[in-house]
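Attaching a single structure in structure tokens format; questions to follow.
We just call them A, B, C and D in the order they show up, numbering each chain from 1.
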């Protein structure tokens, strides 16, 4: 679970989840596309709250472990400037059975996109724009007024 | 779409599906496990009808293209002797949208396991055993008596 | 007509070799060929329900008509992919 | 009490810097702090409904009570992951 500014290696997350009882490994790579809503994308930049992003990725890994106890998971997200075709995020999940690995990996990326404090700015020929993002799940899971009796994992599992 | 006797590289199938409009790449790697139904596995061997296996993998790719027209897919399966932890099959699917990539990749491995003529023999301390496999879908899709008006793709799409 | 039979995996090991030839009347089916093989190798008979029959790269049904020169493949259920 | 505010991404660019400090009465909430910031920077006001508030590594609700020394993070909706 790491935020890094250099290129991501799929092999790194695959190696991190290797295990003698793992029968299937599913990976997801999010790749910078050349277009968005009909506009030509020429470059992209990600900004993160690194510490909170890594903490949130660890929580997502914890949730995956709670739902799929046999799953092993590794997540990396990149920040800074990326070119078209480069990976912004890589996730690997290994499980004894493949259906669980597919479900757990999809859960991880779906949740990451809604909860991990990372922001994407796309550059077009005409200028740069911060992308619209997700806020509903993060607001739902926000801890309540007194900030008592609500540890991070309680908040995320509610 | 290839059967090969040497080690499989996940990077090869990922590179094969790269495309500027691909926003997500999902991969599946089937890995040799150290146990099966409580028995310790010490080694494994795959045998294939190479030509029919490659033809069937091409058909599965065609089916994926028919169901998910924006998907790109690559499949490799290994034959011969494998060690614990080595990949017997690698599949990569890229799509503009990630949910489709997950669905298409899972469809490909589920279908491959039922239709592609490959057989697995596991070695235990106590001897070797051919594994029980899948026959129902292959029998359902078998072409009918006269073998007329039923090209390969008709048979597979029925 | 002569039909070439090709055997895979467990079937090859049970029979002891990977090809054999059977003679059948014109109009015989893949199922007829399988019956002829089991007459010679009764150890395959109990496996009939799960056997896969194929010609070239197509699975075929037991009622598929054979043609002279066809190679009929007898395959156990497949178990690749993991 | 003094509350440190940290701004991210679009918010940082709208305001022009990444931290600022607001003074608030004891017992103030994260929402109170946000209101104070929008009084100084009205360009943030229309974004309130989708703003994410966080302290350390936790998203907090607008009614979360602030404590002296807290750093409150104001974040736009997140858009990582692809």
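The criterion applied here is as follows: contacts are C-beta pairs under 8 Å (C-beta built on N, C-alpha and C of every residue); 3 or more make two chains touch, one makes a residue touch a chain.
Please read all numbers here as calculations on a predicted model, not as lab measurements.
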{"item": "Any chain in contact with subunit A as well as subunit B", "value": "C, D"}
{"item": "Path length in steps (a step moves to a chain that is touched) from subunit C to subunit D", "value": "2"}
{"item": "Selected pair, greater C-beta contact count between B-C and B-D", "value": "B-C"}
{"item": "Centre-to-centre distance between subunit C and subunit A (centres being mean Cα positions), rounded to whole Å", "value": "50"}
{"item": "Length of the line joining the C-alpha centres of subunit A and subunit D, rounded to whole Å", "value": "23"}
{"item": "Sequence positions of subunit B contacting 2 or more other chains", "value": "23-24, 30-31, 98, 109"}
{"item": "Numbers and ranges of subunit C residues touching at least 2 other chains", "value": "82"}
{"item": "Overall pattern in which the protein chains touch one another (line/ring/star/complete/other)", "value": "other"}
{"item": "Contacting chain pairs - touch in the sense defined above", "value": "A-B, A-C, A-D, B-C, B-D"}
{"item": "Subunit B contact footprint on subunit D (complex, rising order)", "value": "82"}
{"item": "Of all residues in subunit B, those that touch subunit C in their complex", "value": "30-31, 46-49, 51-53, 55-56, 77, 88-89, 109, 112-121, 130-135, 138-139, 141-147, 152, 155"}
{"item": "List of subunit C residues in touch with subunit B within their complex", "value": "8-10, 13, 29, 50-61, 63-65, 73, 75-82"}
{"item": "Partner subunit D, residues of subunit B touching it in the complex", "value": "23-24, 98"}
{"item": "Touch list for subunit A against partner subunit B, complex", "value": "10-11, 14, 18, 20-31, 33-35, 84-85, 94, 96, 98-99, 101-102, 105-106, 109"}
